[in-house]
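To start, the structure under review is shown below, and the notes come after it.
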Amino acid sequence: MREILFAGLGGQGVLTCGLIVAEVALFNGRTATWSPSYGSAMRGGAANCTVKYSREMVYNPSLDEPDLLLAMSESALALHGHLVKKGGIVLVNSDLVGGEGFGRTDVSVHRVPCSSLAQRIGQPKGANVIMTAAIIKLLGDFGFEDGMRGMNDMFRKKGKERFEKGNSAAFEAGYSAV
Amino acid sequence: MAEMMKGNVAIAEAAVRAGVRFYAGYPITPSSEIMEYLAKRLPELGRQFIQSESELAAINMVMGAAACGVRALTASSGPGISLKQEGISVLSDEELTCVVVNVVRYGNGLGTLFSSQCDYFRETRGGGNGDYRCIVLCPSSIQEAVDLMLTAYELAEKYRVVTVFMTEGALGQMMEPCELPDFVEPPKLPWGFDGKYSYKKIGIFDRDSMQEAEQLNRKYETIRAEEQRWESENVQDADYVFVAYGLPGRAVKGVTRQMRAQGLKVGLIRPITAWPFPVKAFAEVNPGVKGFITVEANATGQMVDDVALASKTVFRDRFVPTHALPCVYGLPSRKFIMDGFGQIVSGARKEVY
Amino acid sequence: MDRIIVTQSRCKQCGLCVAHCKQEALSFSAVFTEAGYRPVQVDDAKCIKCGICYLVCPDRVFTIIGAPGGKASAKQSASA
Amino acid sequence: MAVSRKVPAIIDRETSFCPGCGHGIVIRLIAECLEELGQDNNVIFPLGVGCSSLLGGGLVTDRLHCPHGRASAVATGMKRCEPDVTIVAYQGDGDAYSIGIAETLNAAYRNENITMIAINNTNFGMTGGQMSWTTMPGQKTTTSPKGRDCAVTGNPIRFPELVASQFDVAYAARGAVTSPKRIATVKKYIKNALAAQVNKEGYSTVEVLSPCPTNWGLDVLGAMKRIEEEIIPYYPLGEFKKREER
Amino acid sequence: MAEMMKGNVAIAEAAVRAGVRFYAGYPITPSSEIMEYLAKRLPELGRQFIQSESELAAINMVMGAAACGVRALTASSGPGISLKQEGISVLSDEELTCVVVNVVRYGNGLGTLFSSQCDYFRETRGGGNGDYRCIVLCPSSIQEAVDLMLTAYELAEKYRVVTVFMTEGALGQMMEPCELPDFVEPPKLPWGFDGKYSYKKIGIFDRDSMQEAEQLNRKYETIRAEEQRWESENVQDADYVFVAYGLPGRAVKGVTRQMRAQGLKVGLIRPITAWPFPVKAFAEVNPGVKGFITVEANATGQMVDDVALASKTVFRDRFVPTHALPCVYGLPSRKFIMDGFGQIVSGARKEVY
Amino acid sequence: MAVSRKVPAIIDRETSFCPGCGHGIVIRLIAECLEELGQDNNVIFPLGVGCSSLLGGGLVTDRLHCPHGRASAVATGMKRCEPDVTIVAYQGDGDAYSIGIAETLNAAYRNENITMIAINNTNFGMTGGQMSWTTMPGQKTTTSPKGRDCAVTGNPIRFPELVASQFDVAYAARGAVTSPKRIATVKKYIKNALAAQVNKEGYSTVEVLSPCPTNWGLDVLGAMKRIEEEIIPYYPLGEFKKREER
Amino acid sequence: MDRIIVTQSRCKQCGLCVAHCKQEALSFSAVFTEAGYRPVQVDDAKCIKCGICYLVCPDRVFTIIGAPGGKASAKQSASA
Amino acid sequence: MREILFAGLGGQGVLTCGLIVAEVALFNGRTATWSPSYGSAMRGGAANCTVKYSREMVYNPSLDEPDLLLAMSESALALHGHLVKKGGIVLVNSDLVGGEGFGRTDVSVHRVPCSSLAQRIGQPKGANVIMTAAIIKLLGDFGFEDGMRGMNDMFRKKGKERFEKGNSAAFEAGYSAV
């Protein structure tokens, strides 16, 4: 079973990011759960979700000990960095998260400037897709093709195939960024 | 193919497919998506959706719809469900049927938005006046929730009671793959008003309460005998049997399987009906069981009463302790369960009953 | 001496003060607050301490201290 | 020349109201209007709690005893599910205006296509004559033992006026049952209200000033006199929202 | 000298003497005389009386008064108490104190006017959302009611909980001789608002629910340990022990005394606190007791759960059956009790647990 | 010449409202008026549930989070026990006019000597922007996905007008926070309302049209513009019941 | 033939009909009903079948059967 | 212990009648309970109360098996006649209750025309006091003086001594009527 925590600020697309990973897992024959941490959430602030996928049933869909943390903001890293499993992975948005360590040496940290990268490839809203691709590569459960097809399948089901080209470009950029 | 769906949306769509013709409700987190979804969906199908002025008005609107013999729904959480108690008691008294979804959130009073199971006592014993009972269903996955929705109406109508669909904030908010059932087209219920006085209803002052009390007891006895639902595993040889429902039930299942794999003789009873409580599940348990352990997402331990009563009924010749591990809110982690279990086995933690 | 104090840490970059300051004395700073906003800064030379910004600000960022006849001076709070 | 007058079948039974209670007159009028509009076999009564509940046994139609004050919400659920059946919420002043003000008002607010008949006897009749929101200034009741002090309790509410002036409703009127003439007028109002519903014009309501001799401590004629002399001056009779020509 | 007083009037005057400064309520039989009496009495004393627009408004007005640190009261029955559940949950959550009198009448929904004990589950477990508890006092005579009123406030304030004063229609309506206590002048409660922010209250979003849950459990444990109240007689050598509270408790007392006189070894436990349930009373019972029998004025038997749980706790080495004799409404007659007892002894009537 | 402007001590804290939320402006105005009337150390706030609850942490005074909709009933209990303390019920439109209409209305009906400030942002802000009873005709919300259909839901309620015309209250007004001038006027209204209470004149209420940029899906200035162009035409600003000269 | 039928068993002796009958055709009978009331009786000779009594009676005691041009006759119900 | 059922119609004063008996018992050193049968009682109809008095505690204050039934109306007798204890007493208001038996021979029946008697002695509202006195005599637990003093004591405590003369006259009439 894999557990991933997606954490950031409202508006950064972290919830969708988690959903794409879950859908990719589903597309590739896993079962998956996606759990937001909801709150009196209207007022900006934090937005998180936990995705778990597995070949058998996911018993406990809630946050426990993530294999990977996506930290899209400084506060996300500060609040959740300590939860990551020993030997796990932390992926940070280096556009917003400072370079200092966060006090752990037992995890591998990957830094992707997804906001600026998104601008650069002409997909200003694609930062979360970039990170999705990076996560898929980092975890190694699904290949590039599996990930891309899973993502596009999801958007197609939602009737959003018009974004396919942009999403694919972002996915490629993210996959190469780690 | 199963698709990722949000719990609340899946519940709402399952209700649509079970033939719900009428929804009235008032928004409250973490249940609001149910009504937001139906605000769009029901009118599309030519069915009725009302955002009522309050939860109190909502349950009374549902009563009106139920009196007309259609499948009616309301959903809420926390204080919103408290405001429906008078209405639920009246519906029960008039033997009208509906489903009340409680997406339970944690806390007394205004409460919090945490996912929880703190309304167990109220839902299983009735928070309104009198001694009515509602059938209480508590799914542990979105698929199970979706599958139980038609059952919820069928049971309500079979026995002419209210069904409380007791789920949790986390289930309402999460997504997982689920397959939706087919649409059913329920006929108008036989006791539904049509304006023509086809169904003869007795006036409130002409009723015989003593006789009705007997009928009520008989009805509840039948439900207790016929409608207990549960899932259990590894209980025949278990030293300890966990009892947990809903999402904690599912979490405990994972943990007990791991414990088995480690050689610990533990089992699980997961009630699907909280009322009637699945006493029958206890009859299958190892006669030498050393104790029962409830894991509940509330502060005080509530289901522990029912477990103790069931165990008293089944294990007549000896004392079997009943423990509670209430995790207050959220889902119990592996560590929480293992730590609690360790304390129980070592005697550091005392039984409740 | 008239003064305007800007508690930048509270600013949520809503822009109301900037829009309503007739002196165009207000603008957004380049640095971020802890909460992730670019807070308002005041151009002391332009500010006439009219109090409009205080009036419209939902987040109690401004304090204006009026001293009869005194010269104004802006003070950016350290907490930004 | 004589005109036939026959009690409508749906209400041709004994009731347990006190002697001279206005409820008995009004419910017969409603039944007559339903009959005349061809709705007497196409009607559901959500009943309020109060002496209106005594209708439960006397009325031979679909009817539901609603929780105290909530008949208009129940009526809403019924109407949405049975849009072609006439729905008559029959409530007392305490039921409709005190505990039930939210549901009563909101049905009017939504312009729900139902008819609400309120029997205003200026007190909680069934429970022994406590103050209601229509109790007259200075009126002694069991909960206003020194007479209603409006400085503390507020002034009696005028509901038909309120909905007529504040909300977009189809029909609102007030009548009284103190004399044959007034009774005939009330009947006209009730018929207008029901006709509005049958024609799907929206919310209609009629308030009826009605005696409660038992709790007023008056004989029946004295109670009628009190309505004429004390109550009508405060609660004007008439139509506050007339039906529009369509 | 003791004077004939009507139960409701005596309760109201006792509340006045216990220092009640504020009443808000809405009339409902058989509780209305409480508010009718106070409508006259409180203004005479310069205290506050409000006839509120509903029971729901009443409990919220009481909340406002309680927040200002005065002794506040509301009374109702049946559906009226159902409408107060959200408010009682909020009061409990805010640790505000008041007394809620429930003059219990029989029935689900609109109910009847019969005297009854059908709200036992709701009052002892809470009908609002969450897992709060109220202290529940249940007098069996007008004198006891009058004597318990000050206790009701003192307990509420000692633990910062709501006290439910659970009496019955028949007690509210009957008269018997009673002596009234002296007047007390309670000071403003320390947590009462004065407009000056003297008492620092934490904002709702700044609270730590997990920590509060622990505090709550500790508080409830203390109440369970310290505040059980009951009367019992003839339990040390009893073959059968009756358990009954309120007016039925008193009626059963008469019958068990007669039975004793006839040589039948029966005893009685009469709970005075329904919550905390007097488990300690069971420790004094004959270790060889053959069974417990609740006599309750409700349809389904509700207190039987608590009796079974108490007996499971106390009689750990063997099965002691718990029977219920629910008389639905009113008071149980001698014949009803004797017939039921006969059936139990002969085995014709089965235990519940 | 410069005028000193200092945030009153009782509200001189961070709050967690969204950027540009009108709640933040109004609560500061209330605090200023309390200070000017010498009531800032003599006040209790019964708070509604909604974004108004976010005040819990920001406001350094006696305050109670009331059940949703019931702040005016709680306020009543408080005022009766502490008649010399200023009681300010601070509520949203959903809280005061939807679920709480009975308690809100009844406080006005009784002419209870309290002040009720309602933040009308035409939706349920805190729970994600559902329709409220002040949602504009045609406005899209999560529970009116095709735009509010007033034929089914009723027309937006105008509360200050209702109480001013139907009940005997001391003061009722409506303002908006869209510009410095309007904000200054709102402050005047709030001060009038509070002064009425301090002088024991009876019930006072001010409704404030206020932006909810988050749920409206607009930027802050766009939200202010919407109020000016769409909302004010439906909800006239001004005093509907002025204070009487005494 | 015009007729007026009086279902005496239902009469509660409230007196409304007696007060409003312009013909003074109504009075209270001397015997009691089961419920303990002295019910109304009609003087057929005076009654003109105007229907006023029907209109004011809260307890549906009266039935009036109008026959064009026919002569009126009162009928006391047997159930008194 | 004594149990008495007072039954009649609203307005006949049966509830007060019961209360006087209870107060007399109290005055004479007993304890007593008075229980009305209340209902949705506004609409005329039946009015009953049960009084029990005893030297020890009254356990069950509710109606069980009365020693004496006061039947002030036909329906009162019809409804409650069968409840009276074997060998008990039935006291009827013969002004309103017909002469036929009510099917029991195991009780002693006493008939007092209390309504007309009250008129005759010039105390038109005194019918219930007349019956009170009759009951006290019939039960024999308290003497004439005990009864009279107990009654007057009660009215005095209620500030109604101005009725003492009339009440005394009615009491005397009732006491002599059986």
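Labels A, B, C, D, E, F, G and H are assigned to the chains in the order they are written; within every chain, residues are numbered from 1.
In this section, contacts are C-beta pairs under 8 Å (C-beta built on N, C-alpha and C of every residue); 3 or more make two chains touch, one makes a residue touch a chain.
Keep in mind that what you see is a predicted model, and the values were worked out from it rather than measured.
A.B. asks: Taking a step as a move to a touching chain, how many steps at least join chain C to chain E?
C.D. replies: The least step count works out to 2.
A.B. asks: Applying the contact rule given earlier, which two chains have the most C-beta pairs between them?
C.D. replies: Looking across every pairing, the one with the most contacts is B-E.
A.B. asks: Taking each chain's centre as the mean of its C-alpha atoms, which one ends up farthest from the centre of chain E?
C.D. replies: Most remote chain from chain E, centroid-wise, comes out as C.
A.B. asks: Quick one: report the Å distance separating chain D from chain G, using the average Cα coordinate of each chain.
C.D. replies: The separation of the two C-alpha centroids amounts to 27 Å.
A.B. asks: Distance from the CA centroid of chain D to that of chain E, rounded to the nearest Å?
C.D. replies: Measuring from centre to centre gives 39 Å for this pair.
A.B. asks: Hey, how far is the Cα centre of chain A from the one of chain B, in Å?
C.D. replies: Using C-alpha averages as centres, the distance is 34 Å.
A.B. asks: Considering chain B alone, which of its residues make contact with at least two other chains?
C.D. replies: Answer for chain B, listing residues that touch two or more other chains: 29, 53-54, 56, 79, 86, 90, 94, 109-110, 204-205.
A.B. asks: Where in chain D do residues touch at least two different other chains?
C.D. replies: 16-19, 53-54, 65, 67, 101-102, 106, 127-128, 133, 153
A.B. asks: What parts of chain H, by residue number, touch at least two of the other chains?
C.D. replies: Chain H, residues with two or more chain partners: 40.
A.B. asks: Give every residue of chain D touching chain F within the complex, in rising order.
C.D. replies: 101-102, 105-106, 109-111, 133, 151-155, 157-158, 161-162, 165-168
A.B. asks: State the interface residues of chain B toward chain D in the complex, per the touch definition above.
C.D. replies: 21-22, 24, 48, 50, 52-54, 56-58, 60-68, 70, 72, 86-87, 90, 94, 193-197, 199, 201, 203-206
A.B. asks: Quick check on the complex: what are the chain G residues that touch chain D?
C.D. replies: 2, 9-10, 12-16, 19-20, 37, 48-52, 54-60, 62-69, 72
A.B. asks: Would you pull the chain F residues touching chain C in the complex into a rising list?
C.D. replies: Touching chain C: residues 1-7, 11-15, 17-25, 28, 179-180, 183-184, 213, 219-221, 224 of chain F.
A.B. asks: Can you name the residues of chain F that touch chain E in the complex?
C.D. replies: 16, 41-44, 46, 53-54, 56-58, 60-67, 70, 73-82, 85-86, 102-103, 106
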